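Each in structure tokens, the structures are laid out below.
Consider the two complexes below, in which subunit A is the common component and subunit B and subunit C are the respective partners.
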Partner chain A sequence: MSKNPFPLDKQGLLEAYRTMRTIREFEERVHNEFAKGDIPGFVHLYAGEEASGTGIMMHLNDRDRIASTHRGHGHCIAKGVDVKEMMGEIYGKAMGSCRGKGGSMHIADLSKGMMGANGILGAGAPLACGAALAAKFRGDGGVGISFVGDGASNQGMFLESLNLAAVWNLPAIFVVENNGYAESTSREYAVAVDSYVDRAAGFGLPGVTVDGTDFFAVYEAAGEIIKRAREGGGPALLECKMIRFFGHFEGDQQTYRGKGEVEHIRANQDCIKLFADKVLDAGVIKRPELEAIDKEIVKLIDEAVITAKAAPLPTAKDLMTDVYVTY
Partner chain B sequence: MARKISMRQALNEALDQEMARDPTVFVMGEDIVGGMGGDGEKDAWGGVLGVTKGLYAKYGDRLLDTPLSESAYIGAAVGAAACGMRPVAELMFIDFMGVCFDEIFNQAAKFKYMFGGKAETPVVIRTMIGGGFRAAAQHSQVLTPLFTHIPGLKVVVPSNAYDAKGLLIQSIRDNDPVIFCEHKNLYGLETDVPQESYAIPFGEANVVREGKHVTIVTYGMMVHRALDAAAALAKDKVECEVIDLRTLSPIDWDTVLESVENTGRLVCVDEAHPRCSIASDVSAKVSQEIFKALKAGIQMVTSPHTPVPFSPSLEDIYLPSADKIATAVRKTMAN
Partner chain C sequence: MSEEPKLAPTVGIIANPVSARDIRRVIANATSLQITDRANIVLRVLACLKASGIERVVMMPDNGGIRHHVRRGVERSRNLGEHEFPDLSYLDMTVTGTVDDTVRAADLMRQQGIAAIVVLGGDGTHRAVVSRSGDIPIAGISTGTNNAFPEHREPTITGLAVGLAVTGRVPEAVAYAPNKKLVVRINDQAAEIALVDVALVTERVVGARALWKPETFRELFVTFAEPEVIGMSAIAGLLEPVKRSEPGGLHVLLAPTEEAALTLNVPIAPGYMRPIGIARWQRLSAGKAHGPQITSGSIALDGERELSFSERDRVSVMLEENAFRTVNVAAVMDYAARHGLMRQAGQKERKRQVS
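Presenting the complex of A and B:
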């Protein structure tokens, strides 16, 4: 048995792989199913970005809260939201995470600390401050984590939240998932500073930039930041530089991307391949162990799609319920 | 034991009693303590109009002065509420809702429904409304219809100290997001208020004056203008029934419809602008439900469709007055 050079034991490594592969399979399948026309509305896929959500969420428990983005499927899966209910929600079914009333952009499970994907870019940052404030009041060591893309990093709500978290010394963490594009607009065009570390510094927060395709880089940086926040050290910003395999939304022709860009990143910057190569090369994990996980996941997602497709739709009686707790 | 106290004191007492009762209640807003980080005294202000004065000494860190940053702190209140706390966030003027509206109407209002019933957001947003302060276009609006339009929000507007205390206590205990609107001209008004804690249920209008000829439906500051008009009309033997809605979402349709069934005449009074207002909403409901009960066309008395003007000579004619209400009542009596 080779010596394990990684910050996780074998079981942890397999768990990380399982989470990332689940996200990838889920998103690839949604991509294919969406093309068939069975999925209502529109979806934004997280494929290619798995190392970020997974590397961060592996440090969290259910009392830690996250506020996600429109591209939220990966965050949901990594935070432990039930995959079959998620798929049901994407199909608009009554068995979905939100009983068919939320859809892809609003999947939430408060019991897992998942405060919702969010259709409003940047709106999750104040919510994560609120989660962090609640944790601080309770003194339970919990943290609030906000995810934004490079696009929403320009929102006032996000920038105000950096200041609020800093002046109140909240256990809040702001993750900028910088995939280089705000919809179709490049980060270089829309963000005036080169480094989010500089932007964080401007608000009095420490910031770290990591290669978001490197699971271990994300895992280690997030671990330090989260530990610090839990111990009362205050907020921080984590920039994960990453790449998006698909378009902004499904159906996006992506003509704004360079020729061969997607093929190149799939071949050379696939965070799951990079992870697998590392753990296999180190001899800590054997290929059949990963293949066994792959097989299980294909089956799980296949079942999720079959279940979601067969499940009943919500009915007229569901339209008027749950507007208020009391009427 | 009841004694006469102002609406300002009644609100303070409601916050005090709820903070003492429930450790998850906390209060946040701009200058609600005052003087934070300075060299002078703490609790220098207790809110711009002194509603939270004295609470800092009792509850310390459960009163949080915020940066001037409404999007962040209103959103944080919403987030904390979704995580099991009961924040009472003060947003100084309802006019400032524009800068943090998303956190209210796209987040707080929608969590319950959008997440399939699995989220609760018991946040209270206290805010000042209304004209008469010579505060001009960005510090004098009522804007209540913007919030009643949004499913998921509750909208509360007390017209006196007694209601203010009972409705604020209910708002804090309620599990839905509440926009609690305090008319700035009512803070000093004193009424009998019991010392002990009590909650006034939502959706129960108050018939503040009984009468058989005309129903006047209103809320907030306009309750007092309507009562002035009713008193003047009584001298001419016109008996007005004045209904104080107290909560605009939910709204007590039963009391309104029952009253108009009896009087056959309706005047809707609203300090908000006329289009898509509470006045037009009540008018539409009565027309739809009990058209045959009406003996005359429904009248609306509202502010005009203009921003709130600054100059006293203009603001005085901008605001609905007792005279305008009396004129509208007489119009319904002409038939």
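Presenting the complex of A and C:
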């Protein structure tokens, strides 16, 4: 067998593949099920963007906290939230991660360090600063990571958080997932500063841009940034340039996208395909090994949908539980 | 049919909005020149091109913001009557936001018979331009990370020298200098080039592209080696300097420090000194293809991992001389001063001539 040229051992590579494939299968399935009208509320899908969340989360453990966005399924899965409970939550069932009261945009699991998807753009950033401040006080080497879209990066909360993180030298990392659109508004139109690295520099943070469709580019850059933050090197911003396969939300007609844009990116810039080509080409992993994972995932997601559909809704009796917390 | 009038020279500008954005901002406190600064550099170059007689400039379009800032700058200047700029137009091309834009722009500029190309970027941007610019002279302005290729000087002067060179006021033999390049071939794929260095490293993935882990470095080819640059070519520069203008390059075999014959302290990135293990080195002569010592890994061109190869691939590296031309800014300015090119008759003298 050829020597492994990758920064991850074989098991790590398979794990990365499994995570990305799980997200993809989950999202494709939600896309199909949503069209049937069984899923309440809004869903925003992460398909096409898997390499970013996965490449970052592979450096984290349950003690590290992340704050996600409205497009949070991928972050949840990569952070280790139970896939069946997630599906249950999306269907609004009592078995869901948040007992069916949150839905797609509020999936959270503190035991996994997942502080929640978030329907309010930019609101994850101050939460990540809080988590980072706690980690700094505890001195346990933990980090707080905020994901934010290109559109949400214009929110005041996000900018204030960059300032706060720099002033307090927090182990906070700001990941700008730049897919070029905020709903239907292009980034070029709506973001006055032209580069996120410039924006970070304006607050005294180092910033880095990577190709977010290249798992290894994300993995390597995130690894350095997270390691530094753990050791007291302070906050940083990481911009992942990426691509959204589906519309902004399910039901979006996408009239603002170029003709053939989606077909082209699915054929040429699919981060999972690019990853698979690399590891297969290097001979470190054989195709049947990936196919076996694909099969397991299809089965897992299928079970998740069946279980979620069959599960009971929360009852009137549950109305006031898990809503207010007393400390 | 009447004879075509000889067209006044048009200058091209290719300004990369995404150079200086990689992981070296984090690991090495490297500079991250802002987009507005890059746009201001373009404005300074434009003003000096105009001052030296250039009426038309064509630029690569970008979606990284440079174009918008330049447009606003030109508009403000026009309103204020402050600076004069040449007519500015943009190449008609689709913007991808990747290095393909630079390659395509250089291609179009060559086809349009542009007189010279001013490049804003690091070593990688210059390499992408030279891959297509053919015989068109280029003038580099460093807005990247390591910038071993573009010389460091105020862009005002670069703009001025380009204008003086392409309007023919400085003889060609003075205005332009020949340069070397390295040609990398893998199997029968199209050749890739490097302007400064080709490094072979054991990491097989291109990943975050930059090079900062000396334990992976194995082999280095350089076109020139200056002891006052940073990056991979600094290794060669601190071993045995080779000028841009002299024939040949340098070939260095590297090793992990524990196995090395010699250890050299080298700034391989900005402010990033690392001990580098040297096995041996020799002069590199032009026209001879070299096979690598390692059988698999990746190939970094001018400091960034670009290609990966395995046991199955045939890889060769070759130095080429007189490969492309650059505007010799120092020589042009020296000539301009000695021959009074910037002089005009004073008010008093002009009055005397009239009366």
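The working rule: the second predicted complex is superposed on the first by the 324 of 327 C-alpha atoms of A that agree within 3 Å, B and C clash if a C-alpha of one lies under 4 Å from a C-alpha of the other, contacts with A are read in each partner's own complex, and residues count from 1 in each chain.
The rule is simple: a residue touches a chain if its C-beta (ideal position, glycine included) is under 8 Å from a C-beta of that chain, and two chains touch if they have at least 3 such contacts.
This structure is a prediction, so every number in the text was calculated from the model and none was measured.
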Combined model on subunit A where subunit B meets subunit C, clash or fit: fit
More subunit A residues in contact - subunit B or subunit C: B
First (subunit B), second (subunit C), both or neither touched by A:R228: second
Which of subunit B and subunit C A:S195 touches, first, second, both or neither: second
First (subunit B), second (subunit C), both or neither touched by A:A125: first
Contacts of A:G41 with subunit B and subunit C, given as first, second, both or neither: neither
Subunit B versus subunit C as contact partner of A:V325, first or second or both or neither: first
Touched partner set for A:K278, first subunit B, second subunit C, both or neither: second
Which of subunit B and subunit C A:M157 touches, first, second, both or neither: first
Touching partner for A:G207 - first (subunit B), second (subunit C), both, neither: second
Superposed arrangement (fit on chain A Cα atoms) - minimum subunit B/subunit C Cα distance in Å: 23
Contact residues common to both interfaces of subunit A (with subunit B and with subunit C): none
List of subunit C residues in touch with subunit A within their complex: 17-18, 20-23, 25-27, 29, 32, 34-36, 63-66, 68-69, 97, 202-209, 296-297, 308, 310-311
Subunit B-touching residues of subunit A, taken from the complex the two chains share: 65, 67, 96-102, 106, 108-111, 115-116, 118-120, 123, 125-131, 133-135, 137, 144, 156-157, 160-161, 163-164, 167-168, 321-327
Subunit A contact footprint on subunit B (complex, rising order): 24, 26, 62, 64, 66-67, 69, 71-85, 87, 102-103, 106-107, 111-120, 151-152, 154, 174-176, 203, 250
Subunit C-touching residues of subunit A, taken from the complex the two chains share: 2-3, 5-7, 188, 193-195, 197-198, 201, 206-210, 214, 216-217, 219-221, 224-225, 228, 233, 236, 241, 278, 281-283
